[in-house]
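Naming follows writing order (A, B, C and D), and every chain is counted from residue 1.
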């Protein structure tokens, strides 16, 4: 039996003179890159370089849209109408896709960033506007959603999108399937071996062990590693090696109905 | 003999609560719209509305990229490297094209705004970076250039783009073919009849009469009317009526080699 | 007995090429100007001009800080920490005060704009951070608060500020003292005579008649007229004339303990 | 004889999640801090923290205004009118001074950043607008200028400001007194000992040795160390130690006519 998982990482989050992340190194170890679109991070030059590098390394390129909040790194919720959400998401996907087209490649997916990712998993009006934006831009795009977020998954499906369920390689889970708050101790898995174990169990058994020991059933198509921690490249490398040892293939999500 | 000219207008230059121009009215009278991309004017919501309206009215939609300068309305030159120019132009074309795609339409052209338009007509490094951005995004896009700017025309042609030569319906010309500075008296033609005469003579005879009476030979594929003056809709309407009276068809530029 | 009221107006809300409001005209009819600080509207040039004009006309100048949201005109709530609120308010007061000092004048008051005004009237943590910012900048500044917002009034007093209670000349009230939502019919008083009546009754009797006829008791030190409606100058002029007829003096708030 | 020099450093150039410089460490070794005002770097939270820290450590606080260009880190020249320059400088000084006042301290100086610093040293109209902004804000502020820029020094003096001549501890000089272009090899002195030697000779003999060995006469009141290089704290510490060994006091500039 052929085991497979997508490894995705948020990238292109430098801005002007400010450097964030070790994108060139991490791109060697992942199958999908979610690239910032200039609203929470990234600028046209950073986007141009990051997309080019991802395309050269054969990594699938997705847009990583956000609230317009560079100072808050897209982590602050903003009250926006559905029309505003829809328009700002189309704008960002289009801008990022500009670089993908300029490199002769094809945009594969969209994954919201920060507060937009979280709000879209909780607020149906935002979820619907966001999903509609993606579907209006291109209904063949994969729509990366919190695997433990049934509402956003449903909105993506209703919009006719290919929903990709996302789990996290370097985040701890609560017993109810939510992520442990970043501000709490133990929320981030910084030990590459622990991250690898979490992913292998997820792929092999469809399970995640929550921070209190509860075993959760979880179906995921992709796992995220964060690119901004100092240990990010180590986690990415260790994860790739361990998955290969376990004969788990790292590749973009396979769609039902697609030939495997 | 079938006479024809394209009438283009800069549009979508409102921003948030700030309204500029009378786009809905002017769209009834032009064949091409150059829509702001959020860098000198426009925001995602304004872009969404303007593109939708233009598509509904059958007006050709182009991107109108600018220096990143909302406060200066893109009229202030900025020192940017060729890489910065190229990336910011791809970003803006992609963003605008996002709305075009979301409306099931096709982007037809690119016309730089304000200081970028002027600098690109004078500085070969900027012209080259700008033309390369357009060609990398989509080499079939029309590239709208100052008809009296031989260098930018040549850079567009070298980049493999369809160059569209632009004259101005509502601006006065100097004897050397340059535009009379906006700050000088008589620089703007505010009388619709005068504008119409300038365009008709340009189409029929390939001539423009400069502010000092000199007759200039000028080949143009499109004429611009500015959308932000109070008389803009009147000029647009008058121009359309007079051209129809003169049996001059208003339509997007026809390419050599294309069937007319 | 000497009757007196302050008339304040939000101003300096143009931005770059975008013109909003008829500040020069309205400044002839009000005693206090709340000038935008560049976060929801205004830019350094607009601020320089507006402050200079207000100082020339002898109108008291206050800062009108906002969430950082030019596209949303400061009307969209943003999740910000108290530290972020405090710092952004100090920044904006300082920036506006720069122009006041450059004109040899003295900043008199602070009034939050849009969503910040509303959130500060409802969320004690935001109210406290906002009041602390003003008090840390200069504890002698007047702190303009919703007259029907007891919590923000209390936070202003606790911070040691001179609290100024604000009512609205051109807005309708609900029976509970809140403002009728802008999106509902009848929310804005566009008839100058009706506005004048509302203010005169407020000054003479300390009462406002709500939209359903309920008579509310209300103590107010200042009344706001909005500067952005087309009838704003007419309302301002009518209000001034009617108040003078009624022998009500228009001047900045008088502090308890101050000589009248 | 009492030898003395001011050591200044650009600071507060982090932005949101992006960290730049090692301000807390460098503040232990300098006498003056030039703090970014949010236009090329810095945001209100960063400004609040940096000013507080500088005040706590007894370091003189100055404003470090820039062109409005976060993406370009203020290093790209923009065409701005004198009125625009003047207004944007007043805005930034006021904003920074807001935090200084909130900390009960006093703003001591202004030093332009990046392209604005360079343009002001070459373009008399910009120099005049910039000096006028500072003088209008507060004529007692020190005005930090390129020691090898006679025009900007003269404009500062004409505006009635206290001109402070600046040399660079970590930059190499050309024989004509200009700085070696950052893009050329040897432009940055990264060896703390070399930096210290350059400063000591400057203080003792009023001389700088240019990159080609030429000895330049130079009068300077302050020397700048850049805060953004990895060796910045080492240079700052070494410089302080060496100057103390040489019995050179590190303190803010002393004005002629002041008691030493």
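In this text, a contact is a pair of C-beta atoms (placed from the backbone, for glycine too) under 8 Å apart; a residue touches a chain by one contact, two chains touch by 3 or more.
Everything numeric in this text was worked out from a predicted model, so none of it was measured.
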| item | value |
| --- | --- |
| Partner chains that chain A and chain B have in common | C, D |
| Joint neighbours of chain C and chain B, given as chain labels | A, D |
| Distance between chain centroids, defined by C-alpha means - chain C, chain D (Å) | 39 |
| Centre-to-centre distance between chain D and chain A (centres being mean Cα positions), rounded to whole Å | 42 |
| Set of chain C residues in contact with two or more other chains | 43, 71-72, 84 |
| In the complex, chain B residues that touch chain C | 15-18, 20, 41, 43, 70-73 |
| Chain C-touching residues of chain D, taken from the complex the two chains share | 38, 43-45, 47-48, 83-84, 86-88, 90-99, 101-102, 133, 136-138 |
| Chain C-touching residues of chain A, taken from the complex the two chains share | 68-69, 71-72, 76-80, 84, 115 |
